[in-house]
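What follows is chain A paired twice: with chain B in the first complex and chain C in the second.
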Partner chain A sequence: MIRLAWRNLTQNPARLLISLGGVSVALVLMLTLDAIFTGMEQRVTAFIDRSGADIFVSQQDVRNMHMASSSLARGQQARVKSVAGVASVTPILYVTNPILAGKDRSLAYIIGVPSDAKAGGPWEIESGREDPGAGGVVLDVGVAAKAGIGLGGEVEILGDTFEVVGLSHGTASMAGSVAFISLDDFADLRQDSDTVSFLLVETAPGEAPEQVAAGIEARVRDVTAMTRQEFARQERKVVRDMSTDILAIMNIVGFLIGLAVMALTVYTGTLSRRAEYGVLKALGARNGKLAATVVWQAVISVSLGFLIALILTSLLTVATPLASASLRLVIGLPSVAKVVVTSLVIAGVASLLPIWQMARLDPATVFRRR
Partner chain B sequence: MLMARRNLGRDRTRLLLNIAGVALAILLILLLTGIREGMFRQITSYLDRTPGSLLVSQGGVENLLSVTSLLPAGATARVQGTRGVESVIPILSQYTILDLHGRKQAAYLIGYVPARGGGPWRLAAGRAPRADDEAVFDRVLAERHDLALGDRVDVMGRTLEVVGLSEGTTSWMTSFFFLRKSAVESLVRLPGATSFLLVTTDEGASVDDVRSRLASLDGVDVHTKGEIAANDRKLFARYFSAPVTLMAAIAALVGALVVGLVIYTATVERQRDFGVLKAIGAPNRSLYLVVVAQSLIASLGGVVAGSVLAIGARAGIMALRPQFLIVLEPADFVLALVVGLGIAMVAGLYPARRIGGLAPAEVFRR
Partner chain C sequence: MDPILEMNHVSKVYGEGATEVKAVQDVSLALEPGEVVLVMGPSGSGKTTLLSMLGALLRPSQGEIRIDGTDLTRLSESQLPRLRLQNFGFIFQDFNLLSALTALENVMLVAQLAGARNGDARRRAVEILTDFGLQGRLDFLPEKLSGGEKQRVAIARALINEPAVILADEPTANLDSKIGFEIMRLLRQIAKEQRRSVVVVSHDQRIREIADRVLWLEDGGFKTLAAMASDPVCGMAIEKDRAAASLTWEGAEYFFCSRGCRAEFEAGLRSAPLPA
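Up next is the complex of A and B:
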């Protein structure tokens, strides 16, 4: 049956091409969109992952950075520092705002760090210095390149002009880049030196961050303390929960497109072989066997379409970072599993109509029609 | 035309599949473009429904959403005192991530002064906040998370009571919620802070002149609400418009493939008949017309079916998931018709070429 299905498929290369093209395009869409959001999930935590902090302390009930805001009184820093197991506390200020570089405008996490920061500064410097200092900014190297500026260039942040004193790597994502200015400059821009956004805590050697975080929440009022891993998990959840609806829509659209192409190619493929199937029936072939041939045709087409889609999406994951440093595609196993299941459902549903037609086929009629 | 109709009508299942293929493409195109348009309208709903023609922000800020703006101290009084300004509405706003029922929900928090405006423009239930521990939540957001009037929600260390539910303040990605401005000042620990000023100009005053005067104030940027709305749309379009447009284009391509395949199969099956027609002197042009007419009939049927399905699907989706706004304008149906005709033309090309190249004697041999 598999051989017959394969022959049926390959006898009409144009139809096979349309079938594979349509299904693979639909599956590529599903895989790519998942890959974009998985990539965003991983990139959105770049600052948290590479900050060097073991614990993030924020305003009570604030469990995210992305699209969130946290305000802590400066006095909280000393209270957190006094908790057992805390080695260092670095205050940072943070907002999401545009950076104006020449005519280029891009969104960025603006991080204000003190000059003696133990955590929270740029983690990989391409050129220039790590400490932004007064009037300076450490900018993502990709953002700077796109704007055509380098060290010594000027950018506008929150209406003030800053000189580029350092260029950092790994600080860009689709949601924006990360730019570092001094904590004092940031406080001046906000006209407020009484609050900070987050406290970045390093734990003493041998101390468990979970226990230290619990200790901070127990001893310091109105704060939420989370280990770096937990904070990053919460951040990834924002991207996941926010993208659920758009992914669901696109998955349904991809499914419908794949189904339409597959149903039609299997149907027309079966229809054009009606006479041959009639002969097979006349020779005693059972409906079950003929149905299996149709199903195999669909399964082979969908499997080939899936493989093409996987190869194309993998190529995209390699090509996109070359075209855009901020866009990173990551193909996750759950995504592949979902697309495999979708493909099989498409193959199954697409076979239904031809199977039904074949079951109704009267062997005698085909000879008449001939 | 008669021959085209007969060719199509001989196999009703195939005709139905053909119409279904185009209908699916049209349905997807209409829904996807409708979702995109709805998304844009939801993004700018606050700017569209609040008073004022100009928006004053912190210097360098050209968006309302996704950015933080803090105006210099005293900016409100200076703007209010500018010639040509009739009224000023101060708001303190920012994005917030709410943890509701184990899900992260992005919501745009607006702090406003009820006596001056800038709050919810329509209440579905309840009232505006009178105290700093009271809030108005978007009705759809509240329903999605089982929140009702009188319920309490923890936001940034404060417990807020839901006293009102607003209408028309939702979108599938984020929704609005409203507090008194003094409450937000306290939440963000910035007493007296203001993010934006919604400025209404005097009747008869030139908006451009007022804008120029306001732009000369230190530390602020001035934009028309239309410019800010366009910037916000551009910002969100960057993330979501491309995939939606791509999907719509692929849906159109698939529609063309579906019709093309059916017409191709129907043409190949009738190859002998076409050969006979050629042998008795039918010119190629007539045969092309038959093939194109087949495509047109199938495509137009699909356009009608797809449009009806889209209207039904829109109603169904918006009833089941009220956070989605799907906008279908008459122009969209015209677009659907154009796409349908385009699909018919593209789909008919290859079969028509095949007929054109057919040698009459050949078909008898076959």
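Up next is the complex of A and C:
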């Protein structure tokens, strides 16, 4: 029956193309959206992942950076440093705020880092220097290019003007970019030198970050200490929770488009071969065999549609960063698995009506004159 | 000889009350192995209904239909497809080949439906199609075949599972007379050589001569059951009770299609040398 299903499909190339086109567009919608969010999740934790810290220490119960605020007394730095297994502690200040470059305005994680920072600074410099120093800012290269500025250019951050002294790579996402200024400048802007946002801890060689983090929480009051991986996981969770509804809606839209196209093409394809299915039934084919033919047609269609969608989305993952540095598409296995399952559900549901109609087909119609 | 297919007092009624239509009424029929039966009759006489019931496609309202001893009216719906696959071969007026499959695949598919593996189905299909002179058309789609070739593929499909009974619905209707006659001769050959019963429903008077029996169906019942005879002069097949002329000579009865044939026959008798 697979051969019959394949031949039925390929006998009418126009119908097959319409079917594949519709289904693949719907699946591209789902895959691309997932890829955008997966890429965004990865970029949104770029600072955490590439900070060089093994442990993030924050105000008690603050478990991520995005849309969160943490305040630690400066004195906590020494207490954390005294915990066994801690090699270094780097205080940083952090706030989410727009950067103004001329008329261009973009949202950024503003990070204030000390000049002798062991962790928390830019991790890949395109040009200029790594340490922002007094009055300087290290800006994402894509953000700077978009604003039409380079090294020596000026941007406004938290109401003050900073000179671009370095351009960094991999520090932008759809959610925003990361900009680095000096800790002292940041403290001046806040008019507060007594607190910091986070303490970035490097553990001593051979020390397990989980145990050191537990030690920090046990020895230092009113802080939460998490390994870099756990902190990043919490950050991704926040972003995911914020985007779940959008993803769900777009996935439903994609599913419905795919279902509508597939149902229509399977239905019309079956209807046009109603007489042939009647002949098969008269010859002795069971309803199950005929149903299998219809299901195979739908499964083959959505499988081809899925492959086309996967290829198109893969091409988009290559092409998109060329057009926009802040946009990165990542096709994740869970997303592929989800779209595969969705495709199979589409094939199954689209087959229901034709199968029901074929089950009711009277085989005696083969002897009736047309 | 035991009949392979028996139809006993079968009736089929459609609708009820004021809309009731008696399509077939109290019809009985027995088919011997190797017998070719031609069912003729006017449109609306019940031929299609009769054929559908014979092929286990339609349940009769009354009566029983036995194939190889099994009363198919007592079988469940789920048992009928396998019964059709194993016992009946169907040939249709419009050939009814699956348009997306090649000649070979059309034949193979029916064997596979009956449970044959791909290789076995292919071997058997190639064998039958080759026997029918279609070895050069195995991979042709139906649209590339002539009418006669399509009908031969359809016959091959009907034979692939070696059924006891072949049911043919107007098998010559879409063929020219020469090809139609060849198809009927092929069916007769199959019946005689392979001992399969063939039931043909047709309006085509030209194919009467290949039938062993001609049944006339009218108003849902067999009106006459005519035995066939061959005109000794022109060779034409004729119903005995509809013959234009007849003659008894030396205890044998001869039937003629026309008075001219009888006159010619009589003239031949007169000129024959008298026995010593």
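Quick notes on this one:
Here is the rule we use: the second predicted complex is superposed on the first by the 363 of 370 C-alpha atoms of A that agree within 3 Å, B and C clash if a C-alpha of one lies under 4 Å from a C-alpha of the other, contacts with A are read in each partner's own complex, and residues count from 1 in each chain.
Throughout what follows, contacts are C-beta pairs under 8 Å (C-beta built on N, C-alpha and C of every residue); 3 or more make two chains touch, one makes a residue touch a chain.
Source: prediction; values computed, not measured.
By the document's definition of touching, neither partner reaches A:Ser193: not chain B, not chain C.
Applying the stated contact rule after C-alpha superposition, one finds that A:Ser115 touches neither chain B nor chain C. More residues of chain A are touched by B (comparison of chain B with chain C). With both structures placed on the common chain, the touch criterion links A:Gln211 to neither chain B nor chain C. Of the two partner chains, chain B is the only one that A:Ser69 touches; chain C does not reach it.
By the touch criterion stated above, A:Asp61 is placed in contact with chain B alone, chain C being left untouched.
When both complexes are overlaid on chain A, the residue A:Val253 reaches chain B alone and has no touch with chain C. By the document's definition of touching, of the two partners only chain C reaches A:Ala282; chain B does not.
Residues of chain B touching chain A in their complex: 11, 13-14, 17, 20-21, 24-25, 28, 32, 35, 58-63, 66-68, 70, 72-73, 94-97, 99, 103-106, 154-157, 172-173, 187-190, 219, 221, 235, 239-240, 243, 246-247, 250-251, 253-254, 257-258, 260-262, 264-265, 268-269, 321, 323-324. The touching residues of chain A, counted against chain B in their complex, run 14-15, 18, 21-22, 25-26, 29, 33, 36, 59-64, 66-73, 95-98, 100, 105, 107, 156-160, 174, 189-192, 194-195, 222, 234, 237-238, 240-242, 245-246, 249-250, 253-254, 256-257, 260-261, 263-265, 267-268, 271-272, 353, 357. Residues 3-4, 7-8, 10-11, 275-276, 279-286, 289, 363-364, 366-370 of chain A are the ones that touch chain C when the two sit in their complex. Chain contact summary for the complex, chain C toward chain A: residues 48, 51-52, 55, 57-58, 78, 81-86, 90, 92-94, 96, 98-101, 105, 109-110, 113-114, 157, 169.
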